[in-house]
Amino acid sequence: MGKRKLSLLAGLMAFVLLVFTGCSGSSETGGKGGSGDGGDTIKIGIAVATSGAIAKTGQDSLAAQRVAVEEINESGGVKIGDKSYKFELVHYDTEGKAESATAATERLIQQDKVMAVIGASTSTETAAMIPIAERNKTPMLTAVAAAPVLTNMGANYFTSASSQTIMAIQKYVDGMKNFDYKKVAMLHFNDEFGMATAEAVNKAFAENDIEIVFQEAFAPTQHEFGTMLDKVAATDAEVIFAVAQIESFVNLLKQAKEKGIKIPVRDGAGGALEEMIKILPPEYTHGLVGGSRSGRVDAEDHKAFRAKFEEPELVNSFHYSGRDSIYLLKDAFERAGSATDKEKLQEAIRASNFDGLMGNYQFNEKGENSIKSITGIVLDGEIHYYEKDEDIPQDVIDSIR
Amino acid sequence: MSEQIIQALINGLVSGSIYALMAVGFTLVFGIMHVINLAHGELYMLGGFSTFFMVSIYQINFFVALIATLIIIGVFGFFIEKIIFKPLRNASLLNTLLASIGLSLFISNLVLKLAGSDMRNIEFPFSGQSISILGTSVSVHRIVVLLLTAFLVCLLGWVIKYTKVGKALRATAQDTDAAALMGVNINLIYGIIFAISAGLAAVAGGLIGSLYVVDPSMGMMPGMKAFIIVILGGMGSVVGALLGALIFGYAETFTTLFLESSYQELVGFIILILVLLFKPSGLFGGVNTK
Amino acid sequence: MLNIQDLCVNYEKNQVIKGISMEVKEGEIVTLIGANGAGKTTLLRTISGIKSSSSGSIEFMGNPIHKMPSHKIVDLGIGHIPEGRRVFPEMTVKENLEMGAYRRKDSKEMKKELDHIFELFPRLKERISQRAGTLSGGEQQMLAIGRAIMLRPKVYLFDEPSLGIAPLVIAEIAQMIKRLNEEEGATILLVEQNANLALKLSHRAYILETGKISLEGPSEELANDDRVQKIYLGYE
């Protein structure tokens, strides 16, 4: 084989690999939460990324979903009429890719005959899945992805059980006002979720006289932020507002510190503060404010739930959302009074009035929920939670600014 | 702006030098053994983890940990060659490539099982410090990464050029049979090449792990990029790999500087497409530069 | 010194050496003559251990070497000047010569050895820092021989040293082979298609036809054999 031919072949292979990496390994992950004791079961499909660059949130929510299913099955199962059913989870890895997510959804509905699908990790994946659920008239929930585009698609069978970006936006505005920030540098993902959030934040900030002096998008797979941060440092921004999942967020924090950037970083994606303080030493995370989804850690229910995990201190809002999604379905099944009627189940989901660990779930006609978010502030490596912005003491604000 | 350009020049050099550590090993293995090792990124990831465990758990000095990582993963690479690639010595390029994909899946899943998907932070001794270069503040961390990589690349160059092992490597690359007739133990040389390749990737992983964070999927993109760089430089060419790495690092950095970060990850694809269209043999593909 | 018994060599399913037995005694020049594709190169590569045999045995000074890795065979003292020279094209003349002494432990002797080679081939000395790939064919052949001498082997395996080389240089190389044998007491196995030259140079000869020895004997005798004259020496 000539050198030229060889490198052409190699190049083609590289290309094929770049396009399809991981796809090959997609379907191997049919992890099943088993029942198998002969009793009637209801299958629930989970399609979240548990490998790839954004695996963290999916793994967290899935772990919590498994715990929730175990809890329900052990305490009598789902009671419909005078029968009791067990939940069975079927999970496929979406790898953070829309192709894998749609394949997983098709398979869950057609092959595994699940009653409902919960997914996915990113809004891009989720947006690709919704039409499939809609076509198959199968109820679909999301516990992680949260872009407003999802509920704006007008799907009847899709309901957002993750805390809503729309709610969060107001929170972000309030946060900026509270700390009296006027100039913001916004760094955001270039995926559907990042772009949509950036757009909404842009609008909301403009209406509130908060100036975005620098804005830049980046890919979720990116790790190198040196030059982008140098550009931020050259502006007069008072705070960095980052819309990114934890993988990128941690790198961003780390490189900001390495670059000697003094202004604080704010989370604009409901990142897991609990995880971040575990990964990074206090000097990296001090002053970090997490906007939307940090759970109330001090309540008894939360403590009891956390105790079911090997590392309770790492349990975060994605765990809570995941857990809630399963209990929400249990509640809906019991009200629907059927283990097989998807239409009734869908109606019951939309009619929910369910108290979960994240808050009270009620849905409007678009499938948006009403969960209120909580503010978490990291001070010297510890997270302080505030249910209302007014509760944040002035000295905390001063120490961060 | 001039400040940002100076910073970008350094950022690009840092990225480029890390890519160089990756690409040189990749191209050596291809040039001498005709193996496209798609598990290269996983060796880089292992280097990140090895450094992390030593620095953060056992409190070993960062630089000592890097040297230990070089050796440990190097030895691991040596045995990978013996266990996986030696039995495939006369197999086609495609077969060894598939074997390397298998290896890559195995390593990444094993690490995922053992260490979980959590991200880990490696503390760097001079983190947060900066020095002034031409009136611009530049992070000491990046300068150290740069110096270390430059040192390693020069060391490798010296070994290849002047030592007996280096001569045997070159002889094997140029004519395996003739080298065997001179008494070069080809199997040993192949093992050594793999060890060098793995060791350098691991150091890159440790250095980058200190600049970014360490997690089981950290090797995927750098592994791909190393492959693209080697195609750009010309498969098997060490000089090509070095030059390709610098071009790649600067292309990414200046894309971010003048355009936007979100295009940064596209640079690789664009370079790949351009090379395949206009010079499929790569920059140094026609000439053997060993 | 070199003793081959019932040797068979295959490329995949294709048997190329089909049960050869031959012997090279110490101090001899033995030549192996055969047409293209007869298996001469394959035989030498098998002796050197870079091609594996499928059955039979090769003994060198009492050691079985047919299962030995090639670098161990080099250690025992077998030097191989391969077909088509096979110098390292991107290395200098000096580096090529140094590669020849790769297995030698006495690096102090190297300088002396280099001087010796340059005495034998003054043309190489003038080109000491030149890349071997840019040498002429004749110069490359000299380099390949010089490279083998660096090892000071007990047996030299020459694979068609006259291939593609001008008559004047061929004479020079033939002279060199004779000198190695007579002055340095080296044993030589010479593969050649130039039967004329080979039979003149050698003491004994084997004729190889499609993987089998068809004829063997003292070179003078074979040079007078009708069949050999007709097929290999081109007499009518």
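Note that the chains are named A, B and C in the order they appear, and that numbering of residues resets to 1 at the start of each chain.
Note that contacts are C-beta pairs under 8 Å (C-beta built on N, C-alpha and C of every residue); 3 or more make two chains touch, one makes a residue touch a chain.
Only a predicted model underlies this, so the values are computations on that prediction, with no experimental measurement involved.
Trainee: Centre-to-centre on C-alpha atoms, which chain is most distant from subunit B?
Mentor: C
Trainee: Hey, which chain is the most central one here, using CA centres?
Mentor: Measuring from the global C-alpha mean, the nearest chain centre belongs to B.
Trainee: When the C-alpha atoms of subunit B and subunit C are each averaged to a single point, how far apart are the two points in Å?
Mentor: 42
Trainee: With chain centres defined as C-alpha means, what is the inter-centre distance between subunit A and subunit B in Å?
Mentor: 33
Trainee: Determine the centre-to-centre distance between subunit A and subunit C, using the mean Cα coordinates as centres, and give it in whole Å.
Mentor: So the centre of subunit A lies 72 Å away from the centre of subunit C.
Trainee: Show which residues of subunit B lie in contact with subunit C when the two form their complex.
Mentor: 164, 167-168, 170-171, 174-175, 177-187, 288-290
Trainee: Residue numbers of subunit A touching subunit B in their complex, please.
Mentor: It comes out as residues 1, 3-4, 6-15, 17-18, 21, 25, 50-53, 55-56, 59, 187, 190, 216-219, 221-228, 230-231, 234, 246-247, 250-251, 254-255, 257-260, 275, 278-281, 283-284.
Trainee: Inside the complex, what are the residues of subunit B that reach subunit A?
Mentor: Residues 1, 3-4, 7-8, 11, 14-15, 36, 38, 93, 97, 105, 112, 117-121, 123-124, 127-130, 137, 139, 141-142, 208, 211-213, 215, 217-218, 220-221, 224, 227-228, 231, 234-236, 252-253, 256-257, 260-262, 264-265, 268-269, 272, 275-276, 280-282, 285-286.
Trainee: Okay, in this complex, where on subunit C does subunit B touch?
Mentor: 45, 48-50, 69-71, 74-75, 80, 82, 86-91, 95, 98-100, 102-103, 147, 151
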